[in-house]
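Consider the two complexes below, in which chain A is the common component and chain B and chain C are the respective partners.
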Partner chain A sequence: MTRQRHRVRTGPLMTPAVGMLLVWMIVPLLMTLWFSAQRYNLLDPGGTAFAGLENYRDLVTGRALWVAMGNTLLLVGAVLAITLAGGTLLAVLLDREFPGRNICRLLVIAPFFVMPTVSALVWKNMLMNPVFGLIAWITRSLGLGAPDFFATAPLAAIILIVAWEWTPFAVLILLPALQSLSKEQREAARMDGAGAAAMFLHVELPHLRRPMAVVAMIETIFFLSLFAEIYVTTAGGPGLASTNLAYLIFQDALFEWDVGLASAGGVVAIALANVVAIFLMRVVGRTLEAER
Partner chain B sequence: MASIELRSVGKRFGSHEVVRRVDLLVEDREFVAFVGPSGSGKSTLLRMIAGLETVSEGEILIDGQSVARVPPAKRGLAMVFQSYAIYPHMTAAENMSFSLRLAGVPKAERDAKVREVARALEMEALLERKPRALSGGQLQRVALGRAMVRQPKAFLLDEPLSNLDAALQAQMRLELVRLHRELKTTMIYVTHDQTEAMTMADRIVVLNEGRVEQAGTPLELYNRPASLFVAGFIGAPKMNFLPAQGAEGRTLGVRPEHVRIGEGGELAGEIVALERLGARTYVHARLTDGTRLVAEAAGDTGVREGDRLAFRILPEGRHWFDGSGRRVT
Partner chain C sequence: MRTKWALAAAGWMAAGAMFFPLLWMFLTSFKTEITAVATPPALIFKPTLDNYAAVLERADYAQFAANSVVVALGSTLLALAVAIPAAYSMAFFPTRRTRGVLLWMLSTKMLPAVGVLVPIFLLWRRFGLLDTRIGLVLINSASVLPIVVWMLFSYFREVPREILEACRMDGATPREELFHVLLPLSKPGITATALLSIILCWNEAFWSLNLTTVRAATLTVFTASFSSPEGLFWAKLSAASTLATAPILIFGWISQRQFARGLSFGAVK
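This part shows the complex of A and B:
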């Protein structure tokens, strides 16, 4: 009775939020779809004209899209692998008792709080620079010459930078998860004869499966649209060697001023993100289900 | 099949002494219960025997051998935890065979052992289930099974029944006693519930503030408690304590069943509450000097709240304690 009398129509209250979402999501999506079907270059004073699937044909027949797509997947996959492995290892280490543990934890988490542009600049100019970088100085003093990371292995260099930035995130999620593992379960494993390796493999790692799935999901969302690190360090080069989809779209739109082509790239990026998302949801979703 | 001996064992956490000079011999095949309130050091003592805690003082011997340098898994003991500590990602069978797997026992042999134990625990149908599909009582069985598969020299049980409902507790108590009889192994059982200790153990060790207050058979503890603490801890409802007349500082302890109502007794009081259990009634009274007294009466006793009655204490039910709480014989 009371419930019924107090029932309020919630529709009108939700309208502003739903409306905002629609305006911010659906309108740009529709505009992108519309532009992708236009011949529309800002350098061409002739204005716009309907192009049909021409922009898509240009993209698909060109080499840039496929290289960029490959780079995107490689970047996401490699950084995911490194951050998950490194994050798990660090979490297990930081979970142990040792003097100075709190400071150590703070230092491990720290890189995550540095702006991507800043850390990319630090890596580019202070660490990996072949002339005055720290790494070059070390290798030179060992008589090994000076490697030019961004020229010889640009994608690997970017993977390293991004992994450095995001491993702390994995630790941030995995360490508390590890600490929530019941003490009695560890003790039971000790009584069962599990040493450090068996404990990690059979008790700690299975316990971390859910949080690892969460880390993978969140990181993938960010890695698919990675931009700042590439812009600051290699600008997508040399050639297309470190161009991912996000950077390709940026180049098409703001170097070549081809709004139509860039929009078509954007649509492809959306499609790729959805494919990856569906794949992830399947894998991750199963893990989340299985452990319930 | 092991005797466990504690020689003036002590445990300190920083400056805090949790266990103080405990001497105890648990005989082979004996079922010993450690009872005490929380913080009495009973769990710590058990964990020291298991090897999960280091021993600060004294030594622990299993079958006459010091185990100071023996890691938990090599002591030949199995432990059942209060939370069961079942591995959630493994099936019941995998949980039970985990120790064998780590020890490198071939799969066929592992399976055979698990099946044998499952049969003894009547849980064969549960073997392929994951822990999330098991009830509390079933998890308890998996935990017991995991301990039994190892064929340990002794079982260490840390409040294993405290997470079960009352009916299941009573059932598991009987089952544990049966298992102890069939397996013919030493068992050490930690509990804060004196009923569990009384009903299952061959011998009870009452701990208080890290010290052994008394060790003995359930009836020894019940009939001749060595201290006020043991007298108050063993038996439900609790023993009554009355300030003794004449003897300064002494306390007279008397169990409810040794108090008679309304037979020209020496104590007078008013009934403040009645606990009717059917077969008997516990009569709660406030005596004229303000002390509380619980007396056992027949189930259909006619007394009512507010009645003023006399109470008599049977001579054979009198326990005397001196000012420091020790029994006076």
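This part shows the complex of A and C:
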């Protein structure tokens, strides 16, 4: 048996996938690091020169990076809180038996499958527009006046849109996790006299801890690169009010054509993501081991 | 009994609230541009298919849609072609390094796209890949590859080893084993993986917005073009969005369970 298994050479099977990811990851990563230490603007015909830490100094001493960093963290934190809380509630609700439950489940997860540009535009135009939007009509009918979300609270508006897109993702992960809770475990808790609230706090919530961690970390990675929603709604404005790290880098790179500065921003984004990644890898690694 | 109906009411209200923006978009797509911006919002109106006709008549719409289809399918096929041998190898001939390789593949997903925007843009410009379908296919397939490998790996591991070992006893080569036994046996898993990959590539916006302009632009770019002030045609936007969303939404509904598995990297089955 073992002799037979040794005949299979795994190298040729693995090489395409490993090679593709290696190129995809290492080459741009090294280039970003390299460019971040260069004085390099595509509009400047003078070419490139070594800049050392100049780009980083410009970034750190400028206001934009800190505003963008703050917006990024606020965006990630707020959307995480809303999607985790909302997703858990919806998952617990949809885990119960009631007429039409399966249809409700389909309706709840639907927003996650809509392309981000469409979601953002539907919200921006048809719901949140201060003149013709549905929300403005409702608040005006109630005598509250019409809020102009993207002028007065652009970041909050984007948080609302992204939370609507990603709460279904939390449901998508948490609901199956909840359903994997065995009948015996629930039965045992009920025998011990646990009511609905106690069941949620002491049985369901602890069971959801790991899937919730996975949701949080995957969402964080996506939210750090959040771009399309900002691109089609506020374009980062007014001023820097809704500019996150991703949008700042995009502006430095494709508007200012400042390769060096944008790359330094990229390195900051990568560093931020790495902090999250370390935790995520640990959780997933543990899952792999638990299965063996 | 009472709690059951209370639950149903809560469930339907939550579902209605979450789905409402999409329902509103769907309804608006059948309004005229004038009823679309009417105040108070028109709930009862004479439906029209004019918007769909107008969108489909635009010569460039067909091109955007074709680009989306080609890019989503092309990226998925390329990712599957590269991932199937790797997942096969790791599921059935694990070595000491398998766990490390799997985790490393996952870690490539942790690299925020925006961190490598500049080099990718410059490389693509250098090699003439900007605004080409092949350029997007390369990016998309590399970025879904870790998810595809993980999903296939977890499906392959569910295939009983005895079946493959029996084939080997009968003298099947690894190639025959893969193509004539494993792939037919795991067809549902491969289909689910392909669907997931198609959905992710179809909705991908970051790279499409940054690397394409006209020739290879996908439907995400097309819908984004409605964000310009002169593009305030809500009924047409709704029709175009409904067309771009509906097929993928149906795919998503079909493969919702596999989605959980693929996107949580096996942490949820």
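Note that in this section the second predicted complex is superposed on the first by the 262 of 292 C-alpha atoms of A that agree within 3 Å, B and C clash if a C-alpha of one lies under 4 Å from a C-alpha of the other, contacts with A are read in each partner's own complex, and residues count from 1 in each chain.
Here, contacts are C-beta pairs under 8 Å (C-beta built on N, C-alpha and C of every residue); 3 or more make two chains touch, one makes a residue touch a chain.
Worth saying up front: this structure is predicted, and the values here are computed from it rather than measured.
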Which superposed partner A:F35 touches (first chain B, second chain C, both, neither): second
First (chain B), second (chain C), both or neither touched by A:R190: first
After the superposition on A, what does A:S182 contact: first (chain B), second (chain C), both or neither? first
Regarding the shared-chain residue A:V203, is it in contact with chain B (first), chain C (second), both, or neither? first
Contacts for A:L142 in the overlay, against chain B (first) and chain C (second): which applies, first, second, both or neither? neither
Using the superposition on chain A described above, determine whether A:L43 touches chain B (first), chain C (second), both, or neither. neither
Which chain, chain B or chain C, ends up touching more residues of chain A in the combined arrangement? C
I'd like to check the shared interface: which positions of chain A are touched by both chain B and chain C across the two complexes? 291
Touching residues of chain A toward chain B in the complex: what are they? 182, 184-185, 187-194, 198, 202-203, 206-207, 209, 291-292
Spell out the residues on chain C that touch chain A in their complex, using ranges where they run on. 4-5, 7-8, 10-12, 14-16, 18-19, 21-22, 24-25, 28, 37, 39-41, 81-83, 85-86, 88-90, 93, 95, 99, 101-123, 141-143, 145-146, 149, 165, 168, 174, 199, 202-203, 205-206, 209-210, 219-221, 223-224, 226-227, 232, 234, 237-238, 241, 244-245, 248-249, 251-253, 256-257, 259-260, 263-269
Taking the complex as given, what residues does chain A use to touch chain C? 1, 4-5, 8, 10, 12-14, 16-18, 20-21, 24-25, 27-29, 31-32, 35, 90, 93-94, 96-101, 103-127, 132, 134, 137, 141, 164, 167-169, 172-173, 175-177, 180, 210-211, 214-215, 218, 221, 224-225, 227-228, 231-233, 245-246, 249-250, 253-254, 259, 262-263, 266-267, 269-270, 272-274, 276-277, 280-281, 283-285, 287-288, 291
Spell out the residues on chain B that touch chain A in their complex, using ranges where they run on. 50, 52, 71-74, 77-79, 81-83, 85-89, 98-99, 102-103, 132, 146, 150
